[in-house]
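The same chain A turns up in both complexes below, where it pairs with chain B and then with chain C.
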Partner chain A sequence: MILAILKRLLMLVPVLIGITVISFLLLQIMPGDPASRAMGTRASAEELQAMRELWGLDKPIWVQYLYFLRDCLTGSFGVSIFHKKPIIDLVAERLPFTLAIVGYSTVIALVIALPFAILAAANRGRMLDNLIRQIFVVVIAMPPFWLCYVLIIWLALRMGWFSTGGIGDGFVANLGRLFLPSLVVGLSTAALVQQSLRAALIDTMKADYIDTARAKGLRGHEVFLRHVLPNSLISTISIIGVRVSWIIGGTVVVEKIFSVPGLGSLLIDAIVSRDLPVIRGLTVFFAIMVVIVNLITDICYALADPRVRLE
Partner chain B sequence: MLRRLNLKCLLLASAFSLAAAAAHAQTLRVAMGYDPVSLDPIATSDNGSIWTQLLIFDTLIRPDKTGEGLEPGLAESWTVSDDGLTLNFKLRDAKFSDGTPVTAEDVRFSIERAASEASGWGRFYRPITSFEIVGEREITMKLAEPFTPAFNNLALFAAAILPKAQVEAKGDAFFDAPVGSGPFVLKSRVRGSRVELAKNPHYWQEGKPFVDEAVLEVVTEPSARVIKLEAGEVDVALDPPLNQLKELDSKDGISVGQTIPYRADFVQLNTTRKPFDDERVRQALNYAVDKNALVQGVLYGAGKPAASAMPVMAYADPDLQPYAYDPAKAKQLLADAGYGDGFEAQLVVDSGAATSRNAAIALQAMLQQVGVKLKVQMLEGGTQWETTKAGNYDMSVSYTTSDTIDPDQIIGFVAVNPERANAYHTQWKSDRLNELYAEERKTVNGEARGAMFKEMIQILHDGAPYIFLYHPASAWAVQDKVKGFEILPTSNFRLEDVKLEN
Partner chain C sequence: MSLLSIRDLVTEFESPSGTARAVDGVSFDVAPGEIFGIVGESGCGKSATCRSILRLFGGAPARIAGGRILLDGAGDLAAMRERELAQVRGRDVAFIFQDPLTALNPTMRIGRQIGEVIRRHRDVTRAEARDAALQLLRDVHVTSPERRLDAYPHELSGGLRQRVVIAMALALRPRLIIADEPTTALDVTVQDQILRLLKERCDSLGTSIILITHDLGVVSQICDRMAVMYAGRVVETGAVREVLDAPSHPYTRALLAALPGQVGRDSELVPIGGAPPSLIDPPPGCRFAPRCVFAQPQCRIGAPPALRARAGAGEGHLDACILNEVCHAAA
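So, the complex of A and B:
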């Protein structure tokens, strides 16, 4: 098992080299001069040139690439032109909030999706099943920016149950503060999980070994808890893995509306201000996260299903 | 026994006084749309940083609340010699927030730092070539050759006065916990979320600030700022969406205000391309645009029509009128220039700027009336900037803002060619205007210099390398208990003047 994980980590190396090359080249094509964005309208040509030299933007592309590789290897991922700080420091400031949303929204998603998936599978083809499906179709179709404002206006402004946004000090304060943004993200996850889990449950219930379990004389709920549910959750694991990879960098809208300083808004702000080192550094960082999340997903897979081997 | 009792009484008393102090500790909470990048005055140009710095640091002189003149800051008086080469400042008896006095040595250090290679604003201060420290609280600055804006530039945030000893000792780390002589001192900061400020106990304005603490909450979504205000989570919301102003004002317990800051919005015309090389065409486009309708429709009434690409600031000509809305005249001018049947052109606009986007759609409809067909192309802000800079455009919706009250910086940017931007990438050129620009910078502040600016702005108005649009207002909304909050024409705000009434 450990050997297999090490092997997978080793496979990371060529993937990451590929990612650094692609993200580097793509940014070369992107129009926009970070020096003139940073200096605004007041800079003279000489001042712009001085700034480009300071950041090494005047060097040949391959030299800039080697600098970039060096920064990735030393773990700083480069230095932000705007914040004048190592990118890893910027990431460290924001990562806790992003991870909090990842974890919180996943828990919310499971709490919502599990009972409804079971209920729907148990009543498949009946009214209740259809009703649940329709509701989740509506949930998945709701644009997040709209849902954010609806939740803020109803639950925060009218009812006063939650803060309208921002982050608090400490774990408990943030449990309240991050609930609504996590709910918005979690609802989409819940819709995906509910649909796939329902299908998986129905499939599993038709399997021969379930009949065998029943024939052994196990009671209904025992069959369900010991055999049906664990075997069905495997599809859920992969869906959550994919979602988590996406949430790490993809919740900009939710972050902006709820004023949560997460990684997504860091990336978007960097793109707008042409902070090339941040865009590049974050791209590589996201890539590493995606690979790690995939690895964790596979490990969970292997743990849940003895037929799967990490090779 | 008696001793112990005393001790108990003392403890009890101090507990009560603490409770009393806590009850009176007033915190002003402001929702702001920008996250400050850095608190180093010479390394920044973003609004969030500038506004925060101006609450922590002082400058020698500063723009007054009307934005038309300068008033004393750390300098209580000053003299400028007749030839403009010698500036003398007498400092007031002020202290930094750590209690050390502000000295002439600190002033020299700060201005030299602002002029250094590391400064993004060096060009503004390099004309000051030498300093003479007359006394602990008096300094003379000398220029090698006349450069009138030099005095004004000292009112800019980049010339904030820093404690020399501390900056030298701590280096860049100083700006993580800066010490200034301004009304507030940095208490804590969470990047991307908030800046917490506490009252500077040594502030030189007796009795100010009125509040004990101020929190700047970073809320980048304009609607979210308004919601925070309505929920009572903040006391002040900066820049609420303009279309919500009226509704907000009608709500109980909330009032709104607005100021027209130093900003002008316009459409750049690429004068190297046909038909924009013809002055008549450019003027025709100006006549074809109904600025009042734009102010009503795009700004929801929060602004006023513009007569030039210059913000209305010192030496502005109050009599200069915007181009009248006259489609017939526009058609006539187009016909004279040989474009009686109109023409087609592309208009680029920043897809992230809602106001500019709406203006572009309105312009498309208005210019259609005189036969000009616009193709609107939405570009991401950085790409638009790059496209116009490369001269790769017909028309582009843009704007300019000024950090100082002196018009020298902006006229150099929008009208002088060759200069930094070659008349903001329109490549338009007026020899007379260039001459006046060179002359103005050597002329002492006063009527003669004012006349030069008026003439330059008139030339710019007539030459019309832009479609002049409007000066949009900066708005704010506050809880009724907030008294004395306003945005200044320089776009920043003075929280030391704000009171919270219960």
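So, the complex of A and C:
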């Protein structure tokens, strides 16, 4: 197992080199001069030139790439032009909030999806099943920014149950603060999980070993909890894995609206301020995260299903 | 005294094209300790009949629409509520499914799967159930049983898996085991072993077996009595020697003739022409009539003929053909 994990990590090296090349080249095409952005419009030509030299922007492209590669290997991922800090420090400040939303939204998603998937599967083809399906289709179709504002207006402003945004001090405070953004993210996850879990449940209920379990005299809830549910949940592992890697970089809108200082808003700020090193560094960091989440997903799979072995 | 008496059982499947009567008025008895074989073409309702007994339809839209399933000492299984039936399942009547790979939960260890049925019906601890499971594995001659307790199904060969399934079925020494083609999915080389094991264990425990099979050779070897089914109905039943040596229903004869002579018959191999009728809208009269070489106009009208004893037939040998021997001989 551990050997297999190490092997998988080793296989990442070429992938990551490829990612650094691509992210480096893509950002060369981006319009706008990072130096003038950083210095503001009143900077003189000499000051701008000094800036470019300082950041290495005057060097040939391949030299710039090697600098970038060095920064990735040393773990700093480069230095932000705007913040004047190593990018890894910026990431470290913001990663906890992003991970909090990842974890929180996944828990919310499971709490919502589980009962509805079970209800829908138990009533498949009937009115209730269709109704649940329609509701989740609507949920998926709702644009996140709109949903954010609806929730803010309703639950935060009108009812006063939650704050409109920002982050709190300590775990408990953030549990309340991060609820609405996590709910918005979690609802989409819930819709995905509900759909796939419903299908998996229906499939599993037809399996021969469910008949075997019932032939033993097990009662309905025993058959469901011991045989149907565990085997069905296995298939949702991959759905959740895909969602988690997406959420890590993809919650820009939600983070912005709720003023959560996560990785998504770091990226959008960097794009707005032409903070090239941050954009580049984050791209590589996201790629690493996706790969790690994939690996964790596969490990979970191998742990949950004895037939699956980590390759 | 019968252990199981099925009377006029009707089981229907809902399908988009209509309601299929997969079982349409089936009656038979199984005596204690007896091995009762059911044979017939694919789709004739063998599985549906047996699944009706424990009401295990694998999530298919099936229901018992009529008839009684009387189990000695337990009452009418067809009329029982699900909760009561759950008490009978595994304890009085056990089921062995066709494919041992899919019949075992892939994510649960063997020992726990066997222990589960014991713990459901007896008040024993986890450790006691595990010990019992170990003994059961020994009883079905599983090699290194201690190791197998912690194995997952996919780590076992098909034959071993079916031994595990048999161990599970025998766990509470039920009075009846229903085995739906228990060896069809297995390697030819182990089919015989598994059948002999099943017979040996059931003989020593006094357990009756209902054995569904396509293999008339198997029936002739290990069954005491048998039923031949066609299109949802029993067309002939009786002692195996009677039915196989002196078949009286044209369908049984056709079935035997279509067999490469392993049952010791000297007739030529003659496939049965045509296909079985629709179970959604079956033809009137005898359902085999459209394919029967002896069929007369009166075969094609009225209700399907009932089982009856033929003059000179052995005790309990019944068939559902309205024609007499003269007609059969004439053709």
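Note that in this section the second predicted complex is superposed on the first by the 311 of 311 C-alpha atoms of A that agree within 3 Å, B and C clash if a C-alpha of one lies under 4 Å from a C-alpha of the other, contacts with A are read in each partner's own complex, and residues count from 1 in each chain.
The rule is short, and it goes like this: contacts are C-beta pairs under 8 Å (C-beta built on N, C-alpha and C of every residue); 3 or more make two chains touch, one makes a residue touch a chain.
What you are looking at is a predicted structure, and each value in this text was computed from that prediction instead of being measured.
**Student:** On chain A, do chain B and chain C fit together or clash when superposed?
**Tutor:** fit
**Student:** Using the touch definition from the top, say if A:Arg94 reaches chain B (first), chain C (second), both or neither.
**Tutor:** Touch partner of A:Arg94: chain B, not chain C.
**Student:** When the two structures are overlaid on chain A, which partner does A:Ser259 contact: first (chain B), second (chain C), both, or neither?
**Tutor:** In the superposed model, A:Ser259 contacts chain B only, not chain C.
**Student:** Per the contact definition in the header, classify A:Gly176: touching chain B only (first), chain C only (second), both, or neither.
**Tutor:** neither
**Student:** Determine how wide the angle is at the CA centre of chain A between the CA centres of chain C and chain B, giving a multiple of 10 degrees.
**Tutor:** With chain A as the vertex, the angle is 160 degrees.
**Student:** Please indicate which partner A:Ile167 is in contact with in the superposed arrangement: first for chain B, second for chain C, both, or neither.
**Tutor:** first
**Student:** In the overlaid three-chain picture, which partner chain does A:Ser44 touch, first (chain B) or second (chain C), both, or neither?
**Tutor:** first
**Student:** Check whether A:Gly56 is in contact with chain B, with chain C, with both or with neither, and answer first, second, both or neither.
**Tutor:** The answer is neither, since A:Gly56 touches no partner chain.
**Student:** Which chain, chain B or chain C, is in touch with more residues of chain A?
**Tutor:** Between chain B and chain C, the winner on chain A residue contacts is B.
**Student:** In whole Å, how close do chain B and chain C get at the C-alpha level once superposed?
**Tutor:** Chain B and chain C, overlaid via chain A, are at closest 47 Å apart by C-alpha.
**Student:** Give the list of chain A residues in touch with chain C in this complex.
**Tutor:** 205-220, 222, 226-227, 230-231, 234, 304-307
**Student:** Along chain C, where are the residues that touch chain A in the complex?
**Tutor:** Those in contact with chain A are residues 54, 56, 58-60, 82-83, 86-91, 94-95, 97, 99, 102-108, 116-117, 120-121, 152, 154, 165, 168.
**Student:** Which part of chain A faces chain B closely enough to touch in the complex?
**Tutor:** Residue list for chain A touching chain B: 31-33, 36-45, 47, 50, 82-84, 90, 93-94, 149, 152-153, 156-157, 160, 163-167, 256-259, 261, 265-266, 269, 271-274.
**Student:** Which of the residues in chain B come into contact with chain A in the complex?
**Tutor:** So the residues of chain B touching chain A come out as 35, 37-38, 43, 45, 117, 120-123, 172, 190-194, 217-221, 223-224, 227-228, 230-231, 233, 352, 380-383, 385-387, 389, 400, 409, 413, 420-421, 424.
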